[in-house]
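Shared between the two complexes below is chain A, which pairs with chain B and chain C, respectively.
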Partner chain A sequence: MAMRRLLALARRAPTPVFIVTGVGGFEDAAELRWNERIHACDTPRRASVLVVAGQIRPEDRQAVARVHDQMPHPRTTVWHQPQVRPAGEEPNQLHSLVSDAYGAVLADPSTSKPDVLPDQPPAPWRGRGDHGQGGEGMMGGVPYGRPMAMTADDRDGLALDALRFTVGPFAPMLPSGLVLAVSVQGDVIQQARVERPPFSRRHDSSLAVLHDDERNPADHARDLSRLCLRFLAPILDLIGFGPQAERAFLTSKAPDDALLLRIEQLAKVLRLSPGLPLATRRVGVIPSGCLDALGLSQESDELFDLEHRLMSLLAKARMLADDAASSTAPVSRDVRDVFPEALDSLALESVLPEILVGKEWREAVMTLAALPLDLLQPQGSRVRP
Partner chain B sequence: MTPIAHASPLSAVIVVFCVLAVGGYLVAVLDRAASCLIAGRELSSDVLLDPMRSAAWRLSQQTVRTERPDAPIVAIAPAIYLTLAAAGLVIVPMSEGFVGADLPTGVVVWGTIEALIIVAVFFHGWGPNSPFAMVAGFRFIAVGLSYGLISMFILIGASLPAESLSISAIVDSQASLWNVIRQPLGLPLFLLVALGATMRGPFDVIDSRDLAGGSSVESSGVDHLLWSAGRHAALTSFAVIGSALFLGGWHGPLLPGSVWMLLKSVFLLVVLVAASHAAAGVPPRRLITLLWLGALPASFLALAEAGLVAL
Partner chain C sequence: MNEALVTFTVVLIAAFGSSLGLRYLAMRGHVEPTASQSVPFLGGGEPTTHAWSRFHVRYYPMTLLFVAFEMEMMFMYPWAVVYLQSGSRALIEMGMFLSILSAGIAYGWREGAFRWQ
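Coming up: the complex of A and B.
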């Protein structure tokens, strides 16, 4: 009886979800992330509903299963394949589906989904080395397929345990799809290798509407402005500004006549956040050599850091909304005229290790956030000069 | 100095439990209210009820164990955090004539509690046998040392006017002038330590998003509920102690002393929650630099100024 009451109360809590974002799923994932009755968890350990939005690569299927099996019971999964919507059409009610699924599994916990993968180590015990784990002494080796820390020289000429692990493709702090194999000493990345690139957003519905030739220039400028705000939200979220990020996302959904005013209000909220420059200025600086390799143009004395990325997105959003409001909207319909920094996936893979090595984990994550990965081009395609 | 009567153990336990429970819940409500206001959403009754609903959800969740965890450490980390928060309240006079344990070395005990929080957080990161949790645990050791040092100087500064290490004596010494006016740097630095020890706002580099929840990345169900409760309870303890050390404790006109303590503690809680939402998370290396080169010298200054005024 008491348990039933507890579950009834729990059903009224914001739905705890872990969102796996695939190709084409960014828009719906964002709608879900910022819904007020959804609690998007940073770790599957605290989620009750796994939401897979968009298409995932065949090689990522096992990662989805692993994420699923990490969730505590009672748990359930919602697979969602987004469709391109005509411009101006409201997104579907994914949050209702998710909340219903959560309510159903709490109403009858016996329907909680069982593990997908067998509960066993990824590899057999090696049985080599001093203690059989394949390393030296009690350290190192790969027992049961899991690398153990092993002492190695660090950047200060001292010896420190180096730990190797793989992160992604659905780690919440990294761009969706990116799989990184890293070796860290303490908090500092010593080696990094891109095993799988992040997903491109080219087929996302928020970008697709921009190519609708039927729209007039003012609407087009407003859509671009809204897009800037949607790129801005996850960056704010990552630096610990969850409510400010939510505001950025809600601003992107403001009515046409209120968009500029809401952007001004957002800018004011960010100006009133005294720690913002402290958290973003000179954080995630991309070395100039890497900028060239990525095809990113650098302004004369501007740093390509997190603050630059945040402020340029906000400035672009404001400028475009202002253009739309004053009927001086640009005639261009190509998203890359407004976002010339679109990256080439192939170039990114080769340069990323150089960008990340030597950085602390948090700064490495911020550096990735400072890169315009939202506009990533698929492998092999070239960015228009 | 006004003689302080000890509360009976039972009444002290009841009061401490009530303050922690109500204070912890209030922190959760204030967090949601602040989020709504910043996000531009309207406040609704959900702000009041969601903490209870979320607690029910966590109680109904399975508590997952990782592979080969340090099980005793995993179990005791939230218990240590909660116990430290409660121990802090026991030594604070809640009103004139009501204190759980009026220790002559009260501020030393509080300093020890702050230092032991480092142990609780490190245990929480170390226990699950998980890379991100472990990185978070080590991060807190790196930043926690500076919190301890800053706190030590400002606690000594607060005790100088009273010429005593007893918290009751410190409250009594503020009958005519509160320490927040006498030592203007003391309270801001104390609040900084409070945010750091409870891993909030700009100091949230421990249970942060870049580590997918950091030391809590593997926590679920009851374990996570207890850990969150510990963080909220510790913030409540900091607010109550801060009002005793810097805002004159029970002193105030017209209203009973316990009401003044309540109002001042709630005020500090609101300030702490607002500060944690106003500032973004600072990268650990930069945070440590700021703490050692900015906050620590400021705490020296606060102590020097307190010493000069006391002379």
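Coming up: the complex of A and C.
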């Protein structure tokens, strides 16, 4: 009786979801994430529903299985394939699908999905001696088959333990699909290597609309403006400005006639926020050696920190909405003008180590989030819905 | 006194019993975590190294120095209170105390204890 009451209450609460984004699923994942009936979790341990939006690579299937197994019972999965919809059509009802799945598994916990990967214990603790004792490291031996972090000299001449780990394809703070092997000392990244590039965003439905040459320049400008805002939202969320991030996302869905006004309101809120400059000034600076590879040109002492990128993104959104709303014929702008630093996912391998090395982990994550990956259309091809 | 003891014992047993009982009730549905759930979340990957790493205790020499001179200050506080009444005798005694400690300062200075690098 009490359990039924609790279950009824649980069903009314926002569904805890862990979202795995694949190729073509970025739009739907973003819609789901900012839905008020969905609580997008940062870790599968707090989630009950695993949503796989888009297509994943064959080599990532084991990662999806592991993320699934890391969710506590009762759990369920929703596989969502992207559908290209014409602009202006109603967004999909993925959130209601997810909520229904959650309700079903709550009502009958025996339908909770079983483990996919075998429940194999890690290798036993093994040292050098006959009884498993001895060896390097704090406790001696190789605990559970995994070596301990050993002391190494860092760049400042100190000696700290160098911890190596590989952050998998579906870390919520990294671009989806990126597998990054890092070595950190303390919190500072000393080495970084891209094992697998992030998923391409070329087949997003929103980007297909952008590269359509026959579009009305005003609509094109408005779509670019909305794209800027949808790009701004996750960066603000990562910095810690959740409500402003949600506001940015909702502003991107404003009707055409109200878009400019909402953008100006958002800009005012961000400008008056005392914490935003503190969180973003001189944070996430792209070294000047990487600017050419990213397609950026440095003017005098301009610092490419996170504050600069956020404010320029907001200014671009405002300018494009202004273009669209102005009575004179709006200027037709290319995606390349709006995002000069758009970087091919595959070219990331050469640039990323130089950008990340020397940064603290959190700063590195925010720098990565602020790089617009894979927005450029390759020459001579057109994405057809 | 007897009543107080009895009351105290009853309350103690009730508190212990209820806490143990609540623990038992809470742990009834506990499931042992599987192998995948026992490892840190790495976005779908498996950890290749152990998560334990050591951090340098950089503040240790500063702490030792602080404690040493703090004890010196501990003697100086009551001395400051009785100084005016005791006159020059107190001054001479504190001077002897400080000279002994300054021998320690000179030694530490020579050994590089005050160098931050």
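Criterion: the second predicted complex is superposed on the first by the 330 of 385 C-alpha atoms of A that agree within 3 Å, B and C clash if a C-alpha of one lies under 4 Å from a C-alpha of the other, contacts with A are read in each partner's own complex, and residues count from 1 in each chain.
Basically, a contact is a pair of C-beta atoms (placed from the backbone, for glycine too) under 8 Å apart; a residue touches a chain by one contact, two chains touch by 3 or more.
From a predicted model like this one, the values you see are computed outputs, not experimental measurements.
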Touching partner for A:L32 - first (chain B), second (chain C), both, neither: neither
First, second, both or neither for A:Q244, with chain B first and chain C second: first
Touching partner for A:L50 - first (chain B), second (chain C), both, neither: neither
Larger contact residue set on chain A - chain B or chain C: B
Contacts of A:E360 with chain B and chain C, given as first, second, both or neither: first
Partner chain in contact with A:Q120 - chain B first, chain C second, else both or neither: second
First, second, both or neither for A:V67, with chain B first and chain C second: second
Touching partner for A:M148 - first (chain B), second (chain C), both, neither: second
Partner chain(s) touched by A:P169 [first = chain B, second = chain C, both, neither]: second
Chain B versus chain C as contact partner of A:P16, first or second or both or neither: first
Chain B and chain C contact sites that coincide on chain A, given as residue numbers: 43, 45, 70, 72-73, 163, 165, 171-172, 186
Chain A-touching residues of chain C, taken from the complex the two chains share: 31, 34-37, 39, 41-56
List of chain A residues in touch with chain C within their complex: 43-45, 60, 62-64, 66-67, 69-70, 72-73, 115, 117-122, 137-138, 143-144, 146-149, 151, 158-161, 163-172, 174, 179, 186
Chain A - residues contacting chain B, complex: 3, 6-7, 9-10, 12-14, 16, 36, 39, 42-43, 45-46, 48, 70, 72-74, 106, 109, 163, 165, 171-173, 184, 186-187, 236-244, 246-247, 250-251, 262, 265, 269, 272-276, 278-280, 283, 360-363, 365-366
Footprint of chain A on chain B - complex, ascending: 34-41, 46, 49-50, 52-54, 56-64, 131, 135, 138-139, 201-202, 204-205, 208-213, 216-221, 224, 277-286, 290
